[in-house]
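In what follows, structures are represented as structure tokens.
Consider the two complexes below, in which chain A is the common component and chain B and chain C are the respective partners.
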Partner chain A sequence: MTAAAPAPSPDPAEPVLRVAGLDVSFAIDGGSAKAVDGVGFQLTRGRTLALVGESGCGKSLTALAVLGLVPRPGRIGAGSVRYHGRELTSLDDRALRGIRGNAIAMVFQEPMTSLNPVYTVGDQIAEAYRLHFSASAREARAEAVSMLDHVGIADAQNRARAYPHQLSGGMRQRAMIAMALVCRPDVLIADEPTTALDVTIQGQILDLILAMQKENGMAVLFISHDLGVVSEVADDVAVMYAGTIVEQTPAASLFAAPRHPYTRGLIETLPGTTPPGGRLPAIPGVVPDFRRRPKGCRFSDRCSLADGHCRDASPPPAVSGGAVSCWKADAP
Partner chain B sequence: MTGTHANMGPAAIAWRRFRRHRLALASGLVLLGLSVLAAAAPLVGMLLGTAPDAVDLFSRFAPPSAAHPLGTDELGRDVLVRLLYGGRVSLLVGITAALAAAVFGTAVGLLAGYHGGRLDALLMRLTDSVISLPLLPLLIVLAAVDPGKLGLPEGVAESESLSLYRIVVIVALVGWTTVARLVRATALSLRERDFVLAAIAQGAGAARVMLVHILPNLASPIIVATTLSVGNVILLESVLSFLGLGIQPPVPSWGNLLTNAQELIWTVPGLALYPGALIFVTVIAFNFLGDGLQDAMASRPSDG
Partner chain C sequence: MIRFLAGRTVQAASVLLLMSFVIYGLMGLMPGDPIDLMISADPKMTSEDAVRLRKLYGLDQPITERYANWLAAAVGGDLGYSRLYAKPVLDVLFPALGNTVRLLAISFLLSLAIALPMGILAAMRPYSRFDYSVNLAAFAGISVPSFWLALILIIVFSVTFNLLPAGGTGTLSEGGIWETARYLVLPVANLVIVSVGGHTRYTRAAMIEALRQDYIRTARAKGAGPARVVLKHALRNAMIPVVTIIALDFGMLFSGALITETIFASPGMGKLIFDAIMGSDFNLALVGLLFATTLTLVGNLLADIAYARLDPRISYR
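Up next, the complex of A and B:
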């Protein structure tokens, strides 16, 4: 089937993807709990937004919600996801299938398990292509080989005939990226794409994603828990904590002048900010379980600045660039 | 192991492992030999100048000779030719019934395992119900149904091969549960795998995910279970035919050859021994073959 090609945005400043007030909730006995709560951000052409946070803060769930892939029994409780102004949350499955992979593609963390072990990588990429374009098997195959070549796999013609287990981790992730990009999406969601890779390969994969972005001007939502990686790729950063975005700002100002106490804590934990030999600071405590979050500000029980007001009232979430969700922002 | 498997596809790796399993390899060859012989039954009949139902009352219970390599039975029919024709029926019934059961069981298991929820609950309770039915009485009742009264056209209802179709249908109707449970359990775990999520994120629909992405990963358990069940079906066919409810004489099957032989077991033990031995060898060979396939395909190439 041929899905409608993504309409080019007439105004380059118009966001490709606009997420607003997004809630993802899970039914628990006697009610429901929000794992993602009031998340809002925008992706623009050619720019990368990094969504940063600890494990369990809801960043992957946010990404899946964009594509309507929230795992059962979770569901999107409220909010909107607009792709070029078109609301995605109200689309039926058939219409969403036309968007997935075609307009908005996703790369996952573990390239070994994200590729089907019983097919060659060439077959898988060709299949992804034929899902959205009417092409003969031969044309799709040629497309797959040229895409593999494009993502820097040497001898692509032969590598296309390899099964996932015959490739190295880095090559698998390149194949995964080729599969995600074969339909020329204008949004790429990369969910921790380098976490499972060796450090030396990580840099190559990041460079590849940036090169692909430069080439076709797609918007990238880059999900990571690693601020070091984020500093290399992001134009803008949204820091997520316990289901909400607590600070959203251009990457440069985030690292130069973090405003939220949580962001500051995260940056202080990076090696390099502490003098050699010193003990790396850590943020005390753990992310609260999404079913039992503190009243008021969610970070209040781990925050050294928190006072009574923080524990009573939630600060408004940071839904746009330059915003911070904290009563004590910029406090010393 | 990664080094040695580096340039091999999943099928090549499985074949390599299978070849090391000598018992299974030998079993495979035995079954292949039996199948070829059974397929060549008309040819053997022609060479010996006889047919499976050619009665010769002047040479009843003839000892082995050049004309009758395994002798003749109580009606002077050639034992070897009847065994081979019986093998055609028994193997055909075993394989078709096992395949039919596997197809139906796979469909049920895949739907239940992939969709989960109420559909899963419904289909699995249905499976439990079929498993809870007492098998033999049910088979006896089903085998006793007069197809002419079910509204089948006379040509079908009266045809000689009806008992053959009937037994295939009966065995398939009760035999699909093992595969259904196996496929459901595996599909339940496969649907949580990342490559399924990746396929959905690429825009694949439910049918496509099930048939293109999950089903090929189920191939090894299905093949193993089906191979093992061929042996069981052949045994079941023997039992039913022995009870007179399966393949109806004069069409020979290994099961009804045994029935025939039971009164003559003290006078002409060979008549019981040959079909009995063939059933034994075939069933055990299918079991060894199944075990070998299981070992060969047990782990995904990624683990190797």
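Up next, the complex of A and C:
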């Protein structure tokens, strides 16, 4: 249980985490369906990659797959997840446990239900620490209190003794972040960390995550459906649709020059891009169920540019920066 | 917590008071009274004698009056004599209570000792072969009527194989602990079989529910192993509903003991109350039923305390 904190990669440009060709499949009616299909991306030190998409597009499943926590009966069908070059998908559960929460930590969406209601937040943070470092209960406790203080909780000594229901939503999420960061991970996966919070608190939590990143240079995978939030935190953006990444690009160019028709549709739905008083445009149709996706390009049934070729053949997925998965990319 | 306990004790006392009136009333509705019993025992008694005796013992008064008299005496510590045993009621009840509590405690602990691990293991792999086997066994246990099972146990283990006594109780002085234990095996087995299925099902359902929660995913994401996830993070949450249901079940177990004790001729509360009612032993039946009520109330109070200890969201002020 005493896996030392992982050595930072020698070359700062070398990705901390490299995901390639990742499939997550569920067995259904004798066959199997891929909820995540050929996903690839890289996380680099000190940078934030935002994974954007609608509910059910496979964002969270991708994150859970990185940690080997795909819920049954789903499983990783193919692909590789390399952390500092070390393949994680072939590790057994014991070895993975040494990575989870230690090298790669995760913050979840709903801090009320993601914290265990019957233990104090101090206990839960101290537990995360003791799982990975040999420390006495007292040392772990001190570590938890200093971490709570560090994430901006006033009177941390006393707050550590509070149960989750005794804290406000914002404080709970701060406690979750303290729990994720207590082992000084170099990858933080934040799965919709601000979705359940008030707008004012959202800003504070985003600032906190960015401040922590600046301080220890961790790579952040930020999962969100909210392009407004993404524009505030992301260095790079990967847009996910129906289980695949359809476009990957630096954040600045995504908002300035979206290339995939789906991305363009998403950005047009943002308030502020339409003239005041006008109706916000919407993308017609709904996300196809992952068991009944269209043949060819998955977006073809909702895309105004789609032609016969789009409906017959899938474009290659966008697996690295600047790539777009569309036959009609850059079409007018 | 102290205030809560004080409040609940007052509440329990009120329930007990109400129950004493209800039970007293029901006893009053039973056919016959002590004087009728005396008449049937002594054919020379005249109806004048009966009227005189009824007046002497206050049996001619309305039931509310009689209840008030009984209550005054009971509060003063005089619970009366048992007609069947010709002894003060408490002298008859306490040994029986000891026997019943021993039988119930052993059955209850054994049932939980089986149900908790089975329920937890089944919940860890729901809809697996193991889970289906556990469910099948649990439903079989729940569905079996306890009186029928008791008879089958006696036929198989006492009559056919002659391994265990069919009824009664051993004394420590005669045969030692093993001899006493031999008498307990069948009644305990009977009570365990009829209660373990329900306990297992409750545990399984609560564990499945707990294991589905977000905080379980959090625990796994911070690197906790399966044992820690199940036993530390899920079990304590799952125990909150289970404790409530099991505590309420405690009262049911008590009534189950009545049947079990009667069939196995085990001298406990259940058998005593049964005999008292059949033998028109009013005092004994009345106090015996009140003892049973008290035990159930104490069970519920213990559940409330356990509840507060398990779940910090519940605070008793």
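Here is the rule we use: the second predicted complex is superposed on the first by the 331 of 332 C-alpha atoms of A that agree within 3 Å, B and C clash if a C-alpha of one lies under 4 Å from a C-alpha of the other, contacts with A are read in each partner's own complex, and residues count from 1 in each chain.
Just so we're on the same page, a residue touches a chain if its C-beta (ideal position, glycine included) is under 8 Å from a C-beta of that chain, and two chains touch if they have at least 3 such contacts.
What you are looking at is a predicted structure, and each value in this text was computed from that prediction instead of being measured.
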Item to complete: Could you tell me whether chain B and chain C fit or clash when both sit on chain A in the superposition?
Response: clash
Discussion item. For A:108 in the superposed arrangement: first (chain B), second (chain C), both or neither?
Written reply: both
Discussion item. Which partner chains sit in contact with A:118 here, chain B, chain C, both or neither? Use first/second/both/neither.
Written reply: both
Item to complete: For A:128, decide between first (touching chain B), second (touching chain C), both and neither.
Response: both
Practice prompt. Would you check which partner chain A:92 touches, where first means chain B only, second means chain C only, and both and neither mean what they say?
Written response: neither
Item to complete: Go through the superposed model and pick first if A:69 touches only chain B, second if only chain C, both, or neither.
Response: both
Discussion item. For A:165 in the superposed arrangement: first (chain B), second (chain C), both or neither?
Written reply: both
Worksheet item: Does the superposition put A:29 against chain B (first), chain C (second), both, or neither?
Response: neither
Worksheet item: Among 8-16, 44-52 or 62-70, which stretch of chain C shows C-alpha clashes with chain B in the combined arrangement?
Response: 8-16
Worksheet item: Which residues of chain A are in contact with chain B in one complex and with chain C in the other?
Response: 67, 69, 93-94, 97-102, 105-106, 108, 110, 113-118, 120, 127-128, 131-132, 163, 165, 176, 179-180
Discussion item. Could you list, by residue number, the parts of chain A that touch chain C in their complex?
Written reply: 64, 67, 69, 93-94, 97-102, 105-106, 108, 110, 113-118, 120, 127-128, 131-132, 163, 165, 176, 179-180
Worksheet item: Can you name the residues of chain A that touch chain B in the complex?
Response: 3, 67, 69, 72, 93-94, 97-102, 105-106, 108, 110, 112-120, 127-128, 131-132, 163-166, 176, 179-180
Worksheet item: How about chain B: which of its residues touch chain A in the complex?
Response: 2, 5-7, 9-10, 116, 193-195, 197-205, 208, 212-213, 216-217, 219, 300-302, 304
Worksheet item: For chain C, which residues are in contact with chain A within the complex?
Response: 213-215, 217-226, 233, 236-237, 310-313
